[in-house]
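Labels A, B, C and D are assigned to the chains in the order they are written; within every chain, residues are numbered from 1.
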Amino acid sequence: MSAPYTADEMMTVTAARQLRDGAVCFVGIGLPSAACNLARRTHAPDLVLIYESGTVGTKPRVLPLSIGDGELADTATAVVPLPEVFAHYLQRGRVDFGFLGAAQIDRFGNLNSTVIGSYTAPRVRLPGSGGAPEIATHARETLIIMKQSPRSFVARLDFMTSVGYLGGSGERRRSGFPGGGPRAVITDFGILRPHPETEELELTALYPGVTAEAACEATGWPLKRAARIETLPPPQASDLEVLRKLQADTERAHSSTLTIRITPQT
Amino acid sequence: MSAPYTADEMMTVTAARQLRDGAVCFVGIGLPSAACNLARRTHAPDLVLIYESGTVGTKPRVLPLSIGDGELADTATAVVPLPEVFAHYLQRGRVDFGFLGAAQIDRFGNLNSTVIGSYTAPRVRLPGSGGAPEIATHARETLIIMKQSPRSFVARLDFMTSVGYLGGSGERRRSGFPGGGPRAVITDFGILRPHPETEELELTALYPGVTAEAACEATGWPLKRAARIETLPPPQASDLEVLRKLQADTERAHSSTLTIRITPQT
Amino acid sequence: MPVIALAEAIARHVQDGASIALEGFTHLIPFAAGHEIIRQRRRGLHLIRMTPDLIHDQMIGAGCATSLTFSWGGNPGVGSLYRLRDAIEKGWPQPLAVTERTHAQMAVAYQAGASGLPFGLLRHYAPTDLDRAAAAPAAELRCPFTGANLLAIPALNPDVTIIHAQAVDAGGNVLIRGITGAAREAALAARTLLVTVEAQVERFGADLNAVVLPAWMITAVSVVAGGAHPSYAAGCYERDNRFYVAWDDIARERATFTRWLDEHIHGSRDHAQLLQRLGVAA
Amino acid sequence: MPVIALAEAIARHVQDGASIALEGFTHLIPFAAGHEIIRQRRRGLHLIRMTPDLIHDQMIGAGCATSLTFSWGGNPGVGSLYRLRDAIEKGWPQPLAVTERTHAQMAVAYQAGASGLPFGLLRHYAPTDLDRAAAAPAAELRCPFTGANLLAIPALNPDVTIIHAQAVDAGGNVLIRGITGAAREAALAARTLLVTVEAQVERFGADLNAVVLPAWMITAVSVVAGGAHPSYAAGCYERDNRFYVAWDDIARERATFTRWLDEHIHGSRDHAQLLQRLGVAA
């Protein structure tokens, strides 16, 4: 029997639910973008979306395939130079939520998106930091979306690209970082949140039908469980309807044939 | 017998002649603006005019009355934020000519536009530096336009707002200033230029009918005379025609009656 | 971001003793807002502006300000600001403490404030008397890579920035067209941002790269037609050059100035009435 | 600023061993110019780009580059750049020295270069492995006013910057519409600035605040319709998302990549012919 929703849908809906209306959100492409746009179409119509391409307050009618799609510019409140997004918005402290993913995360929410193996002779060279280090530094809260597995939820990062809580127990705060750090890690099992004192990530919520044991097995360190583990509600029919329509519209919009009028080169 | 041209016209035409076609010129309001726009209409059609309001490559049809007239924006190649004019153009070293005036100048072309008297208890508080210190610092060459009198051409500045050649004999160059310093001081008597070695300003040219003695008397230090003092050609009829038409057009453009449509305040 | 009356915006958000930037560079100077500050008799303000002009002459002469941070204070194309001079030279109506910068220094200070940085940077060579006289701190830095000398100017983050713009849309966003000067940087640097606009519109229909301030960074917007008079608003009305010339005579003497202030500012309910009194309202 | 053929612009102004920024952020990526660099077999280039993507994968795989300064190197929304990875991981076709930054670091480095400053500044807290691993220098600075910790990133001033834009006018000025990324800053920072544009027009008829680069700061402009394909040019054509997906298979193996390069780049006289071969030219 197939589930009435996919794992990706569950993650996207769960991520969307973390966003409060009116918040200013620095959005990455992929699941974060889907989650933000779902939230904007459901409980958070006044969510302000900023993509690092410089599109501020954008309201895309379909999901962008790249961080700088024309749709993002066409529907933005303002299109600003990229340096300004990082200076005037992020570093100036105007961003409430930053969304991050990574190749590896450790128990304190520190992230690696640079290399697997050693930096000078990497086994796998990943795309690199992009804007993640500054998002992790400055956003009032960061949300992390990653699929859980022992290879990605690791005891020790191969490389620390972006900070979470560093070694925990207030080290981040003591180091002066203005942003509050990872508030939730949304996985394909449920949600991990930092312990209020140690700041070590612990399992605080699970999707329906998922066991804590499975989540722990998918984690490369001995994952602690919160005293009370919430069972997350499944996506509502209305959530799924909105999300699927958004994805269908997206597919349709991006399936037209491209033609470029070329004139003789001068 | 009245002269066929005014002293202001002679100064403006002489200043215009210092500008070579294609040069990038940072323009101040008043005589510099008139000189630049005369040059653009005569021998230097490709002179690039930048006003500190952020209007780059502007081609005003009439003379602006302020540094940020709408005419300057409407006819500009680009309107950029003011900080960019100073950073991307001046500090980046893209400006060939800077035009300056001041309340006081000394023998090395240093300028005062801040106070007469002491800074803390000024006899006359002047408008202040504006962009002059950076123009004096960065423009490849500066041109200074000032009417000559012992009160303005002084042995000792009350306050040094903008640098010329400092103490002369290469002090400016040794201090690392990127711009070359004052290349000419255009007065109502003629032109003063720096001596190639000492960098002290000396009288190098006079308007027709003006004596070196008169120029020296109008100077608050013992003004040196160049070995050969050139007599500057009077304005050509075509120069005067263009300049007077420009000024007439300017007057006409600025004489219309202002009306503002007001609607009830909400 | 609520759209409220200007008098209410000033009453709520401009406190005695605040640091307050009214920016605009020849274009879009927030005169109406400055007048309302005078009407509400604010005191002890620290005024910040690259080019304090007539509106600052008026606020200073009216006794609103005890300090000024600026880079050029004059009546553009006309001459002096007599009220500004009287305050500095003679301490009337009260002394004015001055922090003097250059344009470029003000620009990087606003940029730093807009960018969450503690200071802005300029290349620096030999010091001038301006560097020596500056009441506010600046510091020389050496480039760790090239050895070049630089000057650090502390960031400007006004308690309140007030700017004027052409329009606010139904979503509360603000459009600025034409010369922006350092108004946008001053707006981005502010703790509280007030905007006056010529008009409220449904949608701007503006260019992709138009200068728009998002509603959520604005504290309040007030619709004040002609709010930049006697400066101008591109696309709406021209600069009232005659008023700038006339100001020279009005402001020269304390008595004529005070009479003008009483009759025109305190004697007008709001900006619309002032413009009618000045004979420029249609 | 002459309007000349792209082949001539590259031949004249891009030298072996130069540092060269091809900027553009998803939008307006100067693909045609990159292809011409490959065709002319430039070697030893130091490539600079915030987000090296397919065109950099191609230039690196073609052996044009020996070093790369960047902040994110991937196929947006698809995955890896296999030629970039092969160069870093296995040294094929030659080793690639990497200077790695964050987006914000690249941004302030370009801004500093555009502004005549020797470095750009960011707020800085605890160092990450990125700070420790960086091959290029960065330096911590302490704010002389607040004591805050800052990171100084050396300015980027590329020998050559190449960008793509919508149009050049009769005066040789260039108009950019839509997302500019850091292209304008990279252009302003360059020693030599080359621009490819979709079209030549008499006048832009653009907004007052449009993004326009003046002719006199541009070294040469070349008209190349479709010059940003497979990225896009707002108002001209959309992004060729299918090509980005297809690239994953083309670039994964050295053999398929080399064949594609020979057939499509070396096998095409110019960009127009390439677009015809790819079946997107109308």
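Note that in this section contacts are C-beta pairs under 8 Å (C-beta built on N, C-alpha and C of every residue); 3 or more make two chains touch, one makes a residue touch a chain.
Keep in mind it's a predicted model, so treat the numbers as computed, not measured.
Chains touching both subunit A and subunit D: C.
The fewest steps needed to get from subunit B to subunit D, moving only between touching chains, is 1. More C-beta pairs touch across one of B-C and A-C than the other; that pair is B-C. Measuring from the averaged C-alpha position of subunit A to that of subunit C gives a distance of 40 Å.
For this pair, subunit A with subunit B, the centres built from the Cα atoms lie 56 Å apart. The geometric centre of subunit B is 27 Å away from that of subunit C, both derived from CA atoms. Multi-chain contact residues of subunit C (touching two or more other chains): 116-117, 122-123, 178, 180, 208-211, 234. Under the contact definition stated at the top, the residues of subunit B that touch 2 or more other chains are 73-74, 79, 87, 91.
If you sketch which chains touch which, the pattern fits none of the simple shapes: not an open path, not a single ring, not a star, and not all-to-all. Of all possible chain pairs, the ones that touch are A-C, A-D, B-C, B-D, C-D. On subunit A, the positions that touch subunit C within their shared complex are 22, 24, 48, 56-57, 73-74, 77-79, 87-88, 91-94, 138.
The touching residues of subunit C, counted against subunit D in their complex, run 116-119, 121-123, 137, 139, 141, 143-146, 148, 150, 152, 154, 176-178, 180, 206-211, 234.
Residues 3, 5-6, 25-27, 50-51, 70-74, 76-77, 80-81, 84-85, 88-89, 100-104, 107-108, 110-111, 122-123, 125-126, 128-130, 133, 149, 178-182, 184-185, 199-200, 222-226, 229, 232, 234, 236-242, 244, 270-272, 275-276, 280-282 of subunit D touch subunit A in their complex. Chain contact summary for the complex, subunit D toward subunit B: residues 114-117, 171, 173, 188, 208-217.
By the touch criterion given at the top, residues 29-30, 52-55, 65-70, 72-74, 79, 81-83, 86-87, 90-91, 114, 119, 121-134, 137, 157, 159-163, 166, 171-172, 175-178, 254, 256, 258-266 of subunit A touch subunit D in their complex.
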